[in-house]
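Consider the two complexes below, in which chain A is the common component and chain B and chain C are the respective partners.
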Partner chain A sequence: MNFLTLFARNLRTGPQTEAFPLGPAFTPEKLRGRIVFNAENCEGCRICERVCPAGAIKFAKSPDGMTFDCWHNTCVFCGNCEFYCPTDAIHQTNDWNLAHVQADKFAMVEHGLIPNMKCSDCGATALNTAPMVKNVKPPLSEAELGEVRSRCPKCRAKYLKNRKVPS
Partner chain B sequence: MGLIPNFKTLATRSPWLYRINAGSCNGCDVEMAVTALIPRYDVERLGCQYCGSPKHADIVLISGPLTVRVKDAVLRLYEEIPDPKVTVAVGVCPISGGIFRESYAVLAPIDQYIPIDVNVPGCPPRPQAIIAGVAKAIEIWRERL
Partner chain C sequence: MSHDHTPTVAPTYSIPVGPLHVALEEPMYFKIDVEGETVKHVGINAGHAHRGIEYLTTKRTIYQNVVLTERICSLCSNSHPQTFAMAAEKIAGIEVPERGIYLRVVADELKRIASHIFNVALLVHLTGYETYFMHMMQVREICQDTLESVFGNRQDIGAMCIGGVRYDVDEKSIAYILAQLARIEPEVRDFIKTFKSNGTILRRTKDVGVLTHANAITCGVVGPVARGSGIDYDVRREATYAAYDRLPLMVHTQTDGDVWSRAMVRLEETITSIDLVRVCLRDLPGGDAHIHDRPDIPPGQAIARTEAPRGEVFYYLRTNESAQPERVKWRVPTYMNWDALRFMLQDAKVADIAIIVNSIDPCLSCTER
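What follows is the complex of A and B.
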């Protein structure tokens, strides 16, 4: 029946030309477009770099921490990175308007930095990543999450091991 | 001015488009055909028209990562287009190689061989994105003419 309603509507209103570029363009909510990265949520597992078929995502070590770079000019909008990200740190927006002049070619980069920090327990330098606590039971409270986050990986493991679970 | 029309203002109203397929998978070509041919996206509102001969073209749309086999043909075709011309790279393949990057059969990025003016990334880009790229190309072309 759906095609009949479409048919009736087309008979009534006729085909339309989209207003773009003279007006706003229709953009579906779930359109797979430009990638945005949220360094706050990243746990530094680098699975997105691994699954990216076009090699658009690159992580690199720098003196300030670990940098994330996604070059939109190689990204094919497949959505693998968002699918595999365990902590929802990487997202696809529905922004499709990426046309740019040649001078901006290498500026089309989504950049993020996971900063270094000092471990609150042992004082070692570690990346301030989101903790991998998805499967911890019972789930951590807000205060506990903050405490885990302020530690280096080794002290995080120790903290979770020594955590008293109320029974 | 008098009886002689100002050819420059007349000519800048209607750039003619030409498509080069440099080994594309046809995804971008379908999108380019769609921007021109169907009334929904209608690139002719911008005064553009597709032409069949490179000798009539003003704006060149290149798709595909420039495969080794097709390189000579593409460069010969590009030479035939009269100056001033504006080149638009459509899709991620000519811009960086996209999914075919670092392949032995592919010479991407295409700007090593052909000067590119506008990039439209996407795999494939939306018809609206291609129209936005063509609009940018028309601005550049008006400055050059």
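What follows is the complex of A and C.
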């Protein structure tokens, strides 16, 4: 294409740049942006913490349970955590709006808590994590899942071992 | 009154080019001795951008390193983790599922399209044809949008994982990729036509920065630089990997070894890449795109190599009992290619230095890591 053709075409089509910030910017659905953590689905396996290349994810014990923190200023948005998470407890949204003022830099954190609970069987204090039952066959029913979830790790194992498998 | 006839300007002097070079926006320093307008000697001084990444890899686990190696270089950002993963898979004897190896080719070739168009666009920018440069970058933007929509990021597409690929495509994204390629292809064919006919481009690139076949072999150049000098070598064919042995891969060569030839090789390869993606998406086998666990990589050592957009990327990986590798070492194409600049710049005009340096598609971030 020669210069004049291009020139004519550009006159016709107008600027190619996006109007942002005056208009919306192109944001595909799959864009790997801000991390969102859903404590309800978390098994507490801490795989995400281990595979995170940036060390952005930190789990810590607290009096109320186990806290989850993902530091967005450390995160490189690689998606390893989401990919290796056995449940869908952690995922990347397509929100890329992470610019912030200096004063907010320590607030750019996704925070979550896996709360403590009392085991419905032995009464011990345990974390209310989602049960690791992906490979249990046949799959647990909703009611059974609730039963397992309400127990501490030891009692969960006992429950699954004694589970009557309908034949 | 003295009658001193010594000219006030010495006929030979040396000029510094860099370390922040016009063509690269990357740090590299050339000490160029010129005679009038003509380059007589080139001293290359590298090492301004050492980031210690090889050391860092030994402080991270194999699975974390897939992400770290992706950040070595932005334009070859898919080739590094792929080669690293191939080496780790070799040590652990991991077999990548069929669908995974086809999707690896799709990711690789989409990145190649973006990289090649980028380099040739920069060449056009350096010849001063800004309108066409903008136009080429706009076409590349179609490819960047595709990467962003399919993988979630424009540069670090995060496609690779140990044992396959992290992404998958469905009917909708296949149709989307094909539609985007259909937009890119006629434009790239038009680039080729323009490169063969446009006076501005021809005058600045033909017979400029010539690397003869013999000198190319002496320097051991790789990638489009080698193929532009008539060396018919492409790792995708010579040491085939992923699904390349089943694909209609065409290796393009040119004989003149000048800046134009290298650009033409890149443009023709872009067309081939488009074809390869199409064939992959057509023949895409079903099943899983990756293995489903995270196996430990046993102690061992392996090498792997792939054809990155700039040429052969070579990885050496040694593992031990720990989760971190004991040693990771890579050799990147620019390392051999910049050596050839000594021949290309010999007797070149000062005004052509930027064009010639750009023609090896240098990447310092990976060479100096």
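To be clear about the criterion, the second predicted complex is superposed on the first by the 152 of 167 C-alpha atoms of A that agree within 3 Å, B and C clash if a C-alpha of one lies under 4 Å from a C-alpha of the other, contacts with A are read in each partner's own complex, and residues count from 1 in each chain.
We take it that a residue touches a chain if its C-beta (ideal position, glycine included) is under 8 Å from a C-beta of that chain, and two chains touch if they have at least 3 such contacts.
Since this is a predicted model, take the numbers as computed values, not measurements.
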item	value
First (chain B), second (chain C), both or neither touched by A:108	first
Touched partner set for A:84, first chain B, second chain C, both or neither	second
Touching partner for A:96 - first (chain B), second (chain C), both, neither	first
First (chain B), second (chain C), both or neither touched by A:8	neither
Which of chain B and chain C A:76 touches, first, second, both or neither	both
Partner chain in contact with A:51 - chain B first, chain C second, else both or neither	second
First (chain B), second (chain C), both or neither touched by A:16	both
Common interface residues of chain A - those touching chain B in one complex and chain C in the other	16, 31, 53-54, 76-78
Chain A-touching residues of chain C, taken from the complex the two chains share	60-61, 63-68, 70-71, 129, 131-132, 135, 138, 141, 145, 148-153, 156, 158, 161, 166, 190, 194, 198, 294
Residue numbers on chain A that touch chain B, as the complex places them	15-18, 20-22, 25, 31, 53-55, 71-78, 96-102, 105, 108
Residue ranges of chain B in contact with chain A within the complex	39-42, 45-46, 92, 95-99, 101-102, 111, 115-123, 125-126, 128-133, 135-136, 140
Chain A - residues contacting chain C, complex	1-3, 6-7, 10, 16, 26, 28-32, 47, 50-54, 76-80, 83-84, 92, 94
